[in-house]
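Next, two complexes with chain A in common: one pairs it with chain B, the other with chain C.
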Partner chain A sequence: MASDTSMIDGTTAVLPSRPRAADQRGVTVWATLRSFRIDIFGAIGLVLLVVFWWGLTFVVPRSSLPSPLNVFRRIADDFVVADMLSYYGLPETGLMGSMAYTAANVLIAVVVGGLIGTVLGLFAARVPVARAISDPILNTVGTIPILVMAPFFLIWFGTGRWSAVLLVTVYVLVILYLFAQRAAENLDPVYESSARTFGAGTGDILRDILIPGTLPQVLGGIRIALAGAWGLEAIAELLGAQQGIGKIIEVLAGSLDIEGIFAALLVLGIVAVIADWIAGALVRYVTRWSVSARVGTT
Partner chain B sequence: MTRTAERWISLAVFVGLILFWQLLSRIYTAEIIPGVPLVPGWDVLVSRTFLSMADYWGGGLGVASVGEGAERSYAAAALSVVTHSWDTLLRLYVGLAIGAIGGTALGLAISWSVWSRRLIGLPMQLIQGLPLLAMVPLFQLWFGTYFIGKIAFIGYGVGVLFVAGTLNAVRNVPQIYIDNALTLGASKLEVYRTIIIPAIFPELRATILLSLGVAWATVIGAEYLGAQSGLGYILVYSQQYGYVDRMFFVALLFIVYASISYAVFNRVSARLTRWVPRASAPARVA
Partner chain C sequence: MTDSSQGKPNDITFTDVTRTFVRGDGQEVTAVDGVSAHIREGEFVCLVGPSGCGKTTLLQMVSGLLPTSGGAITVGAKQVTGPGPDRGVVFQKDSVFPWFRVIDNVEYGMKRRGVPAAERRDIANRYLELVSLSHVARAWPKELSGGMLKRVAIATVFANGSDVLLLDEPFAALDYVTKHQLHDVLLDLWRSTDAPRRTILFVTHDVDESLLLADRIIVIRDGRLVDDIAIDATRPRDVDTLTRPDMMTVKHKLLAHLGLEHGSRRSAAS
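On to the complex of A and B.
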């Protein structure tokens, strides 16, 4: 992909940066936990957002914009079982169960795609022949808007769980391939050279240098992939699935139930934001020794 | 291994893939529905599949549509490909332009005051966290499935990215530039006009390229779920009938258009940020 360099650099601009964590020397578990604390201005901002939304409902007709109170009530009502959806023959109508299904799919895809992508990326960075073979294939896949593949997967694998999982897996794989490859290339060769001088074998280098050295950037890549994975999984379910939060949105859109769509989207968005926070905290904890992880989000 | 050797291997892989596809189409001749092979070879794609694009031509310009009872013709197929591509690309670039301009303007407005900058932090995180592609139905209910609905959705997706990118870029402008100008008696407006706006542009380059990816994803997503024209519409319509060859043909068009757009954006933005001293760029790399 022609733009991969900038795209990867660019993702730092998109992610919310956390300068507070960067200030702390020797990030401990405590500091990691503390970075979760919500700043007072942010909380006020959030309240203002809800107030703005509420104010807007007086101007915009209710059929277009439900009031925040109704949406929150709807989330509470439909959390375990949604009575309105029970006529559609869905195996799971509650927001919680649907969200769990979607989250499980995203998790599988991120783990599988992340592992394969990282292994391929590291391999390509160190074995030129492998790189010459995998680069054209994966870079082409990277240029394709990944959503183009969705109808193909639906035809080949049906509307079950796996066509959506595969779509997200491919997406994660391509990102992690680029991130791992870049990370391995950016690793100062002096580490490996000096280890070899001391008689380290390939296995030692892999275990002691390549994997720990690339981990901060690889985890950063996982976090970026995770952010995009939710929407991709949801639209894959919208296009054809038996259950999941995307399926719920599809059914609700069919009956023009905008309040329900808001409720489902909000649940999905909140889970996505929380997952990003957890992933961010995990990245900071695992890479607390790393200067580069402390300086930026990458 | 030398760079040239690597290039040759890469080229060989590409040619190998193309030939493998052709070979596969000869060996595996199963048909998903009568007349539509599961693996359409290149000969089928450029002849029969291309011709079938005539089905999506609505008529006009002296070329009758299939719906009017005419035979499929290459003229109708070509016109169909051109018009549907035009629809998709127009939505893409109009949405992109609106989102970029609106998002940058909003980002600059928010960064005007320290207070609004602080207040926006958490809400922005939540808005960015809302999975964009899941919001297609919402935008369709709000703005309809026509042109406005599409560009509103693309513009929103791109706009959110630009607001975040602008806020980030403004924050990264070295304080000393601003202090210096203020000491010399510049007003806030002058600081924005002469320092901040030129200074954020190189940083926005990454956002611009990233937004292109978002724009492609959103235009395809929007066209999948309710559109009367465009390449995404043809793709998902063909999927419902199992026309794998047509899907493949349209997917190839998407790949070509997306690759061209990335190459052009990369080239143009590299040229526009040529003046940036190299030393200031790695600040982001970390």
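On to the complex of A and C.
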């Protein structure tokens, strides 16, 4: 079943524990080095992409594709305050401040939508009546392209922060509902039975079995939802907002400022990649007990 | 059932126990059909029978995970109405929680019963040592082999101090050598306890396993108790014990119950 290198069978011998501890440390160091090496490959990939982009600028006219160097310079110039944008009445023109606004919205939506979706999903998996009610609603919402809801949210909640947050929250909620429900259904009932023979009550089972047992899939769902949330939040801002990366893109598009749009998109992309990287590391640590976690680390 | 020992903390009484299931196609199946028996305190009983005869169903009703459709099961003085820590279960499937380290698994039952942290760690360490797993106390279950996981499950129910142990084909998926090692582990743990011993109900379809382990073998067929055989052999038992004429007689009888013996041999043996 599991990898043979890490398996020490108690049937053969009782090994002294000291060398084993050292072994484990060696394994950890090796795993760290390996993931570091993979990060290097990732960095090489990024460099290649930038080189490719730079090469393209010799073929494509500058008005359609700005050069990487100019975009980087633009990011540096507009990082705190963007003079170009001060005429548009934005409360925040800097890339950093706009990105912080967008990131905060995504964070709120992922946390709130993730929590509600997970709770509903687990509940639906264990209480048939709850499922009979929530399944049709959430599955219907899930089949509607989420952006179709954006105009309604704008009409109901205005162009402030909460229309965009709500849109992303619904998106995350629907994904996590499905992930949590499926995870709870796939959890082997033997664990709950076993816990009950130890005298565990409903609350104990929720805390000791259902939540840890579904955590790998739930966190996997959070990662997928997070990846999609960035783009959705940006588009929601583009459609109607006071600030944020999406708003900046909308304003710059009005003045055909391709370079500025690229700068904003690049900042959004970099933040999204870093967020996914952090989330991935966190998930791997929290679910390091899981059989698939080992496969996932390579 | 009207035994004078009734009411002791760890004897089991089955009174006309029945369990029916309604299948998906609407058909009713009687999985356990009017079983009556008394298991004395400290007895090691094997439940033997062909696949689908109702062994798991019977065991699950003793554990309280499954209600009876008729009749009653009493453990000690109490009628079974639900699961409880007085009855420890080792499931056929691996039931060690993958998200807890080995030591935390062994402590889990004690934790639920409110045993103080330091005390339960001591007890858990002691039982891990008894099943030769001290070196993996801090490991995750995924790092253990199938045989090691069974050792953890056994250590867990023993550490929890259950009076009655219910084991449902615990070693069926293990290789020959590991299985025999675990027989010794189980018997040593059971015999090492100061009297009174724990009562053990051990489900198996392996005839030799039942002959090596049991004080008494109860045979189930089609949900009914069809035979109840006392095994009169001292422990430890080995291959030679199994070839003794009286043991061979029992073995032939069991094989016949499983439908593996022809009528002529069966009558010749008994």
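Following the convention adopted for this analysis, the second predicted complex is superposed on the first by the 252 of 298 C-alpha atoms of A that agree within 3 Å, B and C clash if a C-alpha of one lies under 4 Å from a C-alpha of the other, contacts with A are read in each partner's own complex, and residues count from 1 in each chain.
As a working rule, a contact is a pair of C-beta atoms (placed from the backbone, for glycine too) under 8 Å apart; a residue touches a chain by one contact, two chains touch by 3 or more.
This is a predicted model, so every value here is computed, not measured.
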item: Contacts of A:Leu215 with chain B and chain C, given as first, second, both or neither; value: second
item: Partner chain(s) touched by A:Ala150 [first = chain B, second = chain C, both, neither]; value: first
item: Touched partner set for A:Leu48, first chain B, second chain C, both or neither; value: first
item: In the superposition, chain B vs chain C on chain A residues touched; value: B
item: First (chain B), second (chain C), both or neither touched by A:Leu232; value: first
item: Which superposed partner A:Met96 touches (first chain B, second chain C, both, neither); value: neither
item: Contacts of A:Leu256 with chain B and chain C, given as first, second, both or neither; value: first
item: Partner chain in contact with A:Ile116 - chain B first, chain C second, else both or neither; value: neither
item: Which of chain B and chain C A:Leu282 touches, first, second, both or neither; value: neither
item: First (chain B), second (chain C), both or neither touched by A:Met84; value: neither
item: Set of chain A residues, in rising order, touched by both chain B and chain C; value: 1-2, 6-7, 9-11, 14, 16-17
item: Interface residues, chain A side, partner chain B - complex; value: 1-3, 6-7, 9-14, 16-17, 38-39, 41-46, 48-49, 64, 128-129, 131-133, 135-137, 140, 143-152, 154-155, 227, 230-232, 234-235, 238-239, 245-246, 249-250, 252-253, 256, 258, 261-262, 265, 268-270, 272-273, 276, 292, 295-298
item: Residues of chain A that touch chain C when the two form their complex; value: 1-2, 6-11, 14-17, 20, 188, 190-191, 193-200, 204, 208-209, 212-213, 215, 288-291, 294
item: Interfacial residue positions of chain C with respect to chain A in the complex; value: 63-65, 83-85, 87-89, 91, 93-95, 97-101, 108-109, 112-113, 131-136, 140-148, 151, 160, 177-178, 181
item: Residues of chain B defined as touching chain A within the complex; value: 1, 5-7, 9-11, 13-14, 17, 32, 118-126, 128-138, 140-142, 161, 164-165, 168-169, 203, 205-207, 209-210, 212-213, 216-217, 220-221, 224-225, 235-236, 238-239, 242, 244, 247, 251, 254-255, 258-259, 262-263, 265-266, 269, 284-286
